[in-house]
Amino acid sequence: MKKVIALGEILLRFSTTDHLRISQSNAFNADYGGSELNVLTSAANFGMDCEMVTVLPNNDLGMAAVMQMRKFNIGTKFIPKAGERLGLYFLEKGASVRGSKIIYDRTHSSFSQIKPGMINWEDVFKEASWFHWSGITAGVSQGAADVCLEAIEVAYKMGLTISTDFNYRANLWNYGKSAGEIMEAMVSKCHIILAGDYASRQYFNIHAKGESKDELNKSLCEKLKDRFPIAEKIIITHRDNISALHNKWSAVLYTDGKLLKSQSYDITDIVDRIGAGDSFMGALIYGLNHFEDQKALEFAVAASCLKHTIYGDANLVTTQEVIDLTQGDSTGRVRR
Amino acid sequence: MKKVIALGEILLRFSTTDHLRISQSNAFNADYGGSELNVLTSAANFGMDCEMVTVLPNNDLGMAAVMQMRKFNIGTKFIPKAGERLGLYFLEKGASVRGSKIIYDRTHSSFSQIKPGMINWEDVFKEASWFHWSGITAGVSQGAADVCLEAIEVAYKMGLTISTDFNYRANLWNYGKSAGEIMEAMVSKCHIILAGDYASRQYFNIHAKGESKDELNKSLCEKLKDRFPIAEKIIITHRDNISALHNKWSAVLYTDGKLLKSQSYDITDIVDRIGAGDSFMGALIYGLNHFEDQKALEFAVAASCLKHTIYGDANLVTTQEVIDLTQGDSTGRVRR
Amino acid sequence: MKKVIALGEILLRFSTTDHLRISQSNAFNADYGGSELNVLTSAANFGMDCEMVTVLPNNDLGMAAVMQMRKFNIGTKFIPKAGERLGLYFLEKGASVRGSKIIYDRTHSSFSQIKPGMINWEDVFKEASWFHWSGITAGVSQGAADVCLEAIEVAYKMGLTISTDFNYRANLWNYGKSAGEIMEAMVSKCHIILAGDYASRQYFNIHAKGESKDELNKSLCEKLKDRFPIAEKIIITHRDNISALHNKWSAVLYTDGKLLKSQSYDITDIVDRIGAGDSFMGALIYGLNHFEDQKALEFAVAASCLKHTIYGDANLVTTQEVIDLTQGDSTGRVRR
Amino acid sequence: MKKVIALGEILLRFSTTDHLRISQSNAFNADYGGSELNVLTSAANFGMDCEMVTVLPNNDLGMAAVMQMRKFNIGTKFIPKAGERLGLYFLEKGASVRGSKIIYDRTHSSFSQIKPGMINWEDVFKEASWFHWSGITAGVSQGAADVCLEAIEVAYKMGLTISTDFNYRANLWNYGKSAGEIMEAMVSKCHIILAGDYASRQYFNIHAKGESKDELNKSLCEKLKDRFPIAEKIIITHRDNISALHNKWSAVLYTDGKLLKSQSYDITDIVDRIGAGDSFMGALIYGLNHFEDQKALEFAVAASCLKHTIYGDANLVTTQEVIDLTQGDSTGRVRR
Amino acid sequence: MKKVIALGEILLRFSTTDHLRISQSNAFNADYGGSELNVLTSAANFGMDCEMVTVLPNNDLGMAAVMQMRKFNIGTKFIPKAGERLGLYFLEKGASVRGSKIIYDRTHSSFSQIKPGMINWEDVFKEASWFHWSGITAGVSQGAADVCLEAIEVAYKMGLTISTDFNYRANLWNYGKSAGEIMEAMVSKCHIILAGDYASRQYFNIHAKGESKDELNKSLCEKLKDRFPIAEKIIITHRDNISALHNKWSAVLYTDGKLLKSQSYDITDIVDRIGAGDSFMGALIYGLNHFEDQKALEFAVAASCLKHTIYGDANLVTTQEVIDLTQGDSTGRVRR
Amino acid sequence: MKKVIALGEILLRFSTTDHLRISQSNAFNADYGGSELNVLTSAANFGMDCEMVTVLPNNDLGMAAVMQMRKFNIGTKFIPKAGERLGLYFLEKGASVRGSKIIYDRTHSSFSQIKPGMINWEDVFKEASWFHWSGITAGVSQGAADVCLEAIEVAYKMGLTISTDFNYRANLWNYGKSAGEIMEAMVSKCHIILAGDYASRQYFNIHAKGESKDELNKSLCEKLKDRFPIAEKIIITHRDNISALHNKWSAVLYTDGKLLKSQSYDITDIVDRIGAGDSFMGALIYGLNHFEDQKALEFAVAASCLKHTIYGDANLVTTQEVIDLTQGDSTGRVRR
């Protein structure tokens, strides 16, 4: 099978242990992640051939990020070493009524200084069939947005399937352009859209209408389809926050005018929910390449449900474990 | 704003990790706390000017306790270095049907050897407006009770608001006086009483009457008000133990013949419930100095609800986080 | 009181920390356990005189296993040092919808090379009144099965009470004999049987009949009693897996044609469920030696319920803690 | 006694554990330090009244830095909360032939964005008698250099003693001015100079002449005294690197044309040498305020020698421990 | 072989990790030790039958101490559960020029409240051939001294070999009697004395005379022999502190007027030197029971040399490892 | 450049922390290594294209080993998943006079069950220029020896350079053939031999003659060259064990009748010496492909010297760091 390519920033994540607050912590766990990388990690983990495009600083931290990608079987051939620093963020893991808290420290990162022409996209996409990016990539800097659009256009021309995750982040998009203005051109060439109610309003001023959750979902998808007619499938995940460590999780997939609905999962004792949305996207890419739509949706929801039980940004579960869960094996019994 | 002063013992807490039993542990976490200090830590954390009065041994452990107080912005000017040892206790953290277990080792501590005349209370209270003590302080030793009464009388004369937490501990009060005898004189000069059903019976043989929880609470408050007419506000917290890591938590405040009731919180995945009552008292002191009664009560309950999610004796949450929770933001969603 | 003897394999358990997957782990906790040892540890913990029979390699790991047994007050006089290696297994602790996972690495272990004649059973049983073994012992190797039968026959002749736990493990029983063939002769001399629906089918092709859980339990017990008339008490535990860290737990005991039923416990926030069944058996042995049947059953269920809150294979709870739980003290309140 | 003031950047230090390389580390220890803060921590630790001037971001990391300063009894009244981020660095601790390695990530920090006028130096210096800064402060950014010069001029006018540590860092000084140009004006108003051979060449093109170490030291001091006649005392520390964990350490102090020489220490099994030079400066400030010159020099060398045995940037030793070492108690015997 | 009995206090040791100072530590390692217990642990470790006599509190800490003794194969049959608390101490591990530091917190311990009559010494010594005690036991309290003398007298009458370690601790001996007064009667019935220059002066005002180390040792032994003629062997260990983690270590044994001298060892990279003297004594007891004097002395020195490489109070080395070291295998090569 | 291929077993290494003994450890660090893999890791780390040939079990441990190889950029295309288990060993890290200790548990491993025909060597060697194996590979089992010979013969025919490390392990070679008999045929086709005095005697009964170290080295090399005329270079490393954490390290290379000698390094504070010999071999392969002989030898010695400072089996140092060391930068100064 041909390759999946993603473009995005890799961040060093410093997370507190044992639910400590940042101000209590004199040690942090360190992991490398980022939305688009997490998507690839999931896809690679299920066996797809993947290649990450990003920019890393030429130091030990950049090297460590490369080593982690190699470990997860992700290609690192198209990663310039340039710029000043690896972006990072601090994650304070909450519990019960106290939500987890993220402090970003990603300005002036190596990736934010990416410029058109640094990546030879024809070369990157030569043996590829899929390109993924997200709103975070576009929101980082003008350069990142330019390169992302450049990639989308080449990918489109070369016939790749293009997927995006809206991933609206309020603390990005501060390089002088409006988010909607930038995103419009990019999204309009995407075949697979992982959307979201809030992001659709922020980016495109699209407001879903309806009484029930189903009506709202359908309304949103229809409006997005109107706006972005190339989109073949529009997907919305739904998280219901009961508490910091107890969520409900499901998704819908809109295609050909129909709204497919997934099972809903009750997830208690959450180990790590960072990257759960990305694990959904990664599993969906795998699913859409291997199953019909309903099964692909169920696969993606179950995979991301399992992600909540896995430490770190990456979803390290087997295809079989995901399928077992879609078939009802959610009891968490001991497997010997 | 003027200072909040507290008198009490500081204990070194050795807690087991990962729910291990004491007999399984070959390492313990070490923290410095104590009911009255915890109250101050909360008040200081919300921005009040605080000063701790205690006695510490003149060794590295006493120094470490001082360093922690400084870290939390609590004054340490009035702390004699004297006596043999820092009292300590072991905390074995339970789970599910197994409750947490505490083993005290506080006899012969430096604080237990405090004597009247060691503290110049006029000096301590010079720029202060509030004095807090609890039943633990009084139960430690005759000397501690004497000094506490001494402090109460000076504080009363100098016009400070005096608050107390009944804090009945069965394993204290073994210096030859009955708890009630000692407490009567002290409580009778207090304006704010954090009472409790069981403690009221043990100290004063006061038995609440009523069918419902509300009737019982009101009855107890009325009887306490009769006995201690100076008390302006009487508060009762209510903890419902579902399991070791799942509690419900609420409180009532009785003033001017009315019983104000707080929201009730469902707290799962408890990180550390030691000091939750103290965090209530600290937040109440802050609340009563900044809000009207109902809001102060809600602030105190929400603050102590959040305390259950914070490791250690000290409640390290911001005023804004507490207010967000009182306004319904209890879903534990990720804050970026 | 006379001694309780058990025969079985001791395994070194490597468990992941903080719910990490095995592939994420660069450190493992190490503990020594095994079904029959866990039973003894419980019995010894409640004060019974216990002696373990096994085979250990003559190296530091064998020595460490002996040291742990001594720590838990279990006799180690009848343990030959022989063979190549200590069997071991890897435990990946799950959460929520992801169950825990065990990878065995126990082939060619010292215990699997045990042979008839290596143990002088007359000597072992001289001051003993109880012998316990389980289906795991029998499934390890032909030698282990031979020695187990040898032990059962001597124990039977010498008038000991013999208990067994069916403990069917699909990954054992690969030495060329069918499990049923081996087990038939052994179980037929047992007085106390901890059975199970699945194991009964696997071993003896016994299928319970009935609509309700109670009918099924009764049916199974009756059929087992028919097959093994020497059995005085047949016990079945019931685990309901809500999620990896949330189970329900109860048991029934069949004797004299009656089915006694225990309370059912809701166990959340499970710390470690490995060895919970063994802790049931160990507490049952203690219970049957100290209480009448219903109380023994309640004691065993409550003890094993508490086991879920204890790290490691061994159940380190006091008799009083178990009795408190049987009497309804399941709120997990703090004990000071 | 009057206050010691310092101006400088505070950095979050992420250090690897157990001599791991950065690329091997999935957890880092986190501490707050920085050359000028470390100087103050030492002075405060010996009992001096200290106040830090810096800029911190208005987030949890800035708050944590403040909490650490409070813990070490350093005033934090004059610290604006502004700017984007807390500067940080990674420390990989070496061993034997592999030296420790530092990766800075401090560009665009809050402190680098300090501007003249942000600090009211008259206010800061009101109750102060000493001002300390170092070449790092001046090398961070034009704004930092401007503010530093501003501070020096006010301090000079108000009669404070001014000390500096040359602290040349090749990776700073990239804001367009030459280091020498900036430093000349600043150093010319300093009374106490902690110089260095390499830094003197880099900053001022001053080259020591001589055969022996003593001659070289004397030559350097004389040339510096010629260039900066206000300097009352010029100090040079000497580190002899035997291996990453084995150094020799001594210093000389030049005053009134004489070169005082300290004892030389052999330091094996180094625990943490970061901040050792700063601990020298902090102890020297204390020493010059309490002892005559030779004793002050010995105190400073012994204090910084002990620093090599203390984890973190801060030197947590007592005055008595330092004096004991100056008097020959270097055997490391157990003190009970 | 018959049993070795010891009388002494067991202390819970809280040690800092990674050379942190106590004031830096928020976690401590916890181990159970004590001079006389450490002696027994060594003897038991080499295969001797041992029994500890002490008093422990009736709580989880007392139980944990018992569990550790069982683990090391030491009898715990004669240990009353009584009194208030387990004595404890804090150990701050030094490095290089900073020595380790101990803070005791042992007053009012369970053992200090031992009283004559609590132990049936005839029973304890029934199957024993050796009794060991040290100056620490005698210095704890009047009761401990009384019980120790009681034990010595019974042991002497019953023909046991009695050994003592002078173990002078300046912070003990504060119950109103002079150390010498108490020790005189006790030491006078001892056959084996582990003496020391400083302790001999403190206890008995005995001052060695001589130029060389050998002359001083001989002089001290002769004077001790004059004072305590029953003493058959007098032993002196010699520690040369190069730094906190680098010591030299040797010993002499005086018997029949001759001074036997051991090899001297150079011990670098010390892991834990607490209990090294006790491990010498334990190995000496083993040695004197198995070898002639010179070999016993070499065995004891080599064993305690190895102790410096073992974490904790207990010396966990095999007889073979000790013998290999006495025969020159000190290169620390890898053994496969 | 063409690929380097190695054949050998991968072992899971469980190492104790903080110099604990195995019997004290309740947690172990886990890493994947093995002599031939370690060689490749070094070569890959310096930038060579590498491919590992081995057999791994089809479970999470096998997967984890693959992930580690990918992380270090080693190809894993030719690794059958077969057999029962991953071999493992326990490493107890010594200190001072106590050497490190290894307990192997590798019998019946997946690799030991390798059989001729399982690997298509023509395919493996297609783009390769170098093949490395060691005496460990040959000593594991008859199958491993057969496959190793098979590989050597194909490699020889295809013109690859073949290197071997004698690596004699006394605890292997128990499958019924003498080591010498097996090794003779294999070594006779090798171009590069990392020999050793002890191994040469064990394998081939070759005894070096001479007075000085140089004469002995030369004699050994000459005799080996006589026996194995194809050998172009014969190398001997020399380790001088001062203590467990202090070694001296050097090597000689014999070629064209000349004996080249390397610098000798003094290595104190050793972090991890396991794999140091393998890191020498890996660096030598790199060196011989990039430098002339003397420089290659110095490169290999310096690289393996640095390895002693790196945790784990793998040598994670840069080419530049090695070259700096060969040029005398051994002071361990801080690099900023």
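Should a chain be cited, it is by its letter among A, B, C, D, E and F, assigned in written order, with residues numbered from 1 in that chain.
Quick note on the criterion: contacts are C-beta pairs under 8 Å (C-beta built on N, C-alpha and C of every residue); 3 or more make two chains touch, one makes a residue touch a chain.
Just so you know, these numbers come straight off a predicted model, no measurement behind them.
Spelling it out: a chain qualifies if it touches chain B and also touches chain D; which chains qualify?
Of all the chains present, those in contact with both chain B and chain D are A, E.
Fit chain E onto chain F over the CA trace and report the rotation angle, somewhere between 0 and 180 degrees, nearest 5.
Resulting rotation angle: about 120 degrees.
How would the chain D/chain E interface be labelled, same or different, where same requires over half of its residue numbers to be shared?
Mostly different residues.
Name the chain whose C-alpha centroid is most distant from the C-alpha centroid of chain D.
The most distant chain relative to chain D turns out to be C.
Specify the chain most distant from chain A by Cα centroid.
Following the centroid criterion, the farthest chain would be E.
Measuring centre to centre with CA averages, how many angstrom lie between chain B and chain E?
45
Residues of chain D touching 2+ other chains?
As it turns out, chain D has residues touching two or more other chains at 21, 23, 26, 67, 101, 269.
With chains as vertices joined when they touch, what's the shape: line, ring, star, complete or other?
Drawn as a graph, the chains match no named shape, so other.
Can you name every chain pair that touches?
A-B, A-C, A-D, A-F, B-C, B-D, B-E, C-E, C-F, D-E, D-F, E-F
For a test of understanding, state which residues of chain C touch chain E in their complex under the given definition.
67-68, 70-73
Can you list the residues on chain A that touch chain D in the complex?
14, 21-23, 25-31, 59-61, 63-64, 67, 84-86, 90, 92, 101, 103, 105, 107-108
Report the residues of chain B in contact with chain A in the complex, numbered from low to high.
Its residues touching chain A are 265, 267-271, 305-306, 308-312, 316-317, 321, 325, 330-336.
In the complex, go through chain E and note every residue touching chain D.
On the chain E side, the touching residues are 18-21, 23-24, 94-102, 104, 169-171, 241-246, 269, 273-274.
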